[in-house]
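Labels run A, B and C following the written order; every chain starts at residue 1.
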């Protein structure tokens, strides 16, 4: 490996590391300075836009603009020239329960429920349990490791885990080796349409628990120690403390992590794309959208309709968030 | 801010000297090394730098870049269906209009190769390398031990397969697992049978989307493959579960087990590299091949091949120079000598092939009476993906053939527009 | 840690051999068994990959990884030397830093500004913008590639002109919704009286932000940095689309993906490559983990 490039290009990297934060810092300090030049009364009206402005502009360009483009294209045929109304949606949503987008929708529902709840459960479990042992740091690092792995490596790991050999031959995959110990015939985890989606979800859960654990653990550390100690002095058991003190205080963070996981479950793509490509009834909406858009004959209208279905599916989650948001607001 | 970044990143700019040309293709690892070795003399002679990009997902990346107005100058574009789409949109550069010397081209390439790259009478694609499908690999030592003979006719093959089965072993190893692309190794079987059983006319109209999948000729090809698979895939080591779950790269491992799990394995010649590294097998003594026998003697000597095609998406003098260079036998010989490729060029010297097996494979191609291009590569992406998926469903349950073919017809109806 | 030291404060002698002490010992051992048990289960796949990365492809294909742990040992470094000898590994390693560091710093900083406004300022359309941001988390990135790349091409924001700038901005756009969502949630939970007392002291918006909000939010910012960093470090598709896979711009992920050729040969190198590319995100995780400690808010919260 030739690392000489690291030496020659380190000045470039240094300029970037110093320059980027400098530009950003200068922006906010300069912006605030300009606000102070304004008359007292108009400051509260202008100031927030200085603070949210960069975010809104960048998100506007990179997400809002393409979403409106997608919405627009979803009303046109694949050539993009002929307006077809809601035909693309009707096409994708016809053929219930097994036609067109429905297998993908069904699988997204599985992802939504199993991935979200189990990642949240294990994340909370690890955050709470490791908080009570002196070797917290190494344990958390081990649980976190799958997060640091790319999806390609993650799929390599799980294809090893799920690998199948004929009954009677030595099994090379961990899962089938365990079945062999119990004298059970090996299973084709990823090729059997009845279980393949669940096998992929399991790999996803394994890869994502570190995410929930880190954020929930950060929230847990934010709960003042004296509050817990006071409860203990009052004679509350650990389970009561968890239910009555820890859980309610962590609720806003659990909602954030849960919301993010729901959205990740809706967007599930990489694992499916790499491991099965949607074969064996494992397709999901994001993968379907990708195939429609980028594979000849390039069904841009249909693909856009799938993308919009996916975005619209988060609306209930947003409503729930709004309530949560208002509740926190009201409490203070 | 932009000024700062310009200073910061200027160091990486690489468009110096005589200019550069971007190339996008699928080759990675050792293949990439071979391709770069092919380009070395070109870069040295012209001073043009080739900026090569590799991705397994060329179709999607290229579609994005073309739609965004930022295509590479040269790309490998396997599917004529995709090609004709881009040609219709005016995204491709016509090559027989002053860029390539067509007299030389016609002297060096057989009409079949030229025709493949031609859309509405205009040449858009050239082929630099080729490969042959439908090679049946076997282990001569194990064959000799059982007294099996290499079959030369389809009837011989059926007899041999029955004999191996009655001797208590499964005749075939088949593995179609290729991650997201699972199914293609099985699709090779079907297309080889279609060509050899029903001839090039049916084959061509089939990949062009004019012959339906439910057509008796296509259905017969699937059923004939079903005879290879046997009832409930019983002719194949491990049956359907192994066919579906075994990675195709490990497909031939069973030939070298003791006792062997199977005696025959159908795959293109790249698989020999896996025999050598995974099974410590030696060419000639541990493995040899015979071409898939003719299904119908009427179409004797019919073989399916594949090729590495290049198209030009932006007309620059550097890209013109490179596309010309890639059609020369000298350029093609560089990769061929490194192994893994054949040259489609008529003026290519067979002495350049690195070993006996490659020479024999090249012989199959040059002596073929009917040589047709991989139907899967010729179909639109949505069609061949459905084709691959159909293979998975057929292997899982052969009795569902009719409904599988009907759903392929449904895809065919929309995929070619 | 804090809990452990607080417990020691109770005189140990009084507890010894009492029923509570025995119960405590039992539940403590149960805790250790559970924690270590689940952790062991959790690391089996990683361990399998680690062991496989020291085996030859023939061995990986024929026997399970656990068989390598008993004699005869046949470990090999071939997969690692194979990865380290890849041409362009040094450049792409550097490129990954060039991409990841600004693409982490920019969105985290901009998100911190925005999250502060969303949680502690009142302005027109605030809740709408906030929810829209959360909703935008659901946009499949693939749907943005063509419009954004066309925009870059039109504006000249291609790598030959501006290096990685376009990619930084793209990652910023894609990363902002989650970053703002996470930080705003955390900022909002800071106690109100902090802000009131700061106002009484006459501190300006900047002072409150830099002296109070940021220091108190270190755990949330640290976790955000970890995720943004490792998502970009492991990104393949976004980089491939916006800066391409040519040797000068390819990040590590693209170079690693190219270890496997179009016929799937070379897959065994991915085992070693996975650990090679994991090193940097793990270092980031280790170095930021020390910010996840109890008591950062200590003294600032009314009891």
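Methods note: contacts are C-beta pairs under 8 Å (C-beta built on N, C-alpha and C of every residue); 3 or more make two chains touch, one makes a residue touch a chain.
Keep in mind that what you see is a predicted model, and the values were worked out from it rather than measured.
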| item | value |
| --- | --- |
| Centroid comparison with chain A (C-alpha atoms), farthest chain | B |
| Highest-count interface - the chain pair sharing the most C-beta contacts | A-C |
| Separation of mean Cα positions, chain C and chain B [Å, integer] | 40 |
| Geometric centre distance via CA averages, chain C-chain A, whole Å | 12 |
| Chain A-chain B separation of Cα centroids, rounded to whole Å | 37 |
| Two or more partner chains touched - positions in chain C | 61-62, 257, 267 |
| Set of chain A residues in contact with two or more other chains | 9, 12, 16, 290, 293-294 |
| Where chain B touches two or more other chains, by residue | 8-9, 12, 64 |
| Footprint of chain C on chain A - complex, ascending | 1-6, 9, 12-13, 16-17, 20-21, 24-25, 28-29, 32, 36, 44-45, 47-49, 51-52, 54-56, 58-59, 61-67, 69-70, 125-126, 129-134, 136-137, 139-153, 156-158, 160-161, 170-174, 177, 206, 209, 211, 214-215, 217-218, 221-229, 238, 252-253, 255-256, 259-260, 263, 266-267, 269, 286, 289-290, 293-294, 303-304, 307, 310-311, 313-315, 317-318, 321-322, 325-326, 328-329, 332 |
| For the chain B and chain C complex, residues of the former touching the latter | 2, 5-6, 8-10, 12-15, 22, 26-33, 51-56, 61, 64-65, 67-70, 178, 247-250, 253, 270-271, 273-274, 277-280 |
| Contact footprint of chain A on chain C as seen in their complex | 1-4, 6, 27, 31-32, 34-36, 38-39, 42-46, 48-49, 52, 60-67, 84-86, 89-91, 93-94, 97-98, 101-102, 105-106, 109-111, 113-114, 116-118, 121-123, 126-127, 129-140, 142-144, 147-148, 151, 169-170, 172-174, 176-178, 180-182, 185-186, 188-189, 192, 204-206, 219-220, 222-223, 226-227, 230, 234, 236, 253, 256-257, 267, 270-271, 273-274, 277-278, 281-282, 285-286, 289, 292-298, 301, 303 |
| Footprint of chain B on chain A - complex, ascending | 9, 12, 15-16, 19, 23, 78, 155, 159, 163-166, 188, 190-191, 273-280, 290-291, 293-299 |
| Residues of chain C that touch chain B when the two form their complex | 57-58, 61-62, 87, 145-146, 149-150, 152-154, 158-165, 240-241, 244-250, 254, 257-267 |
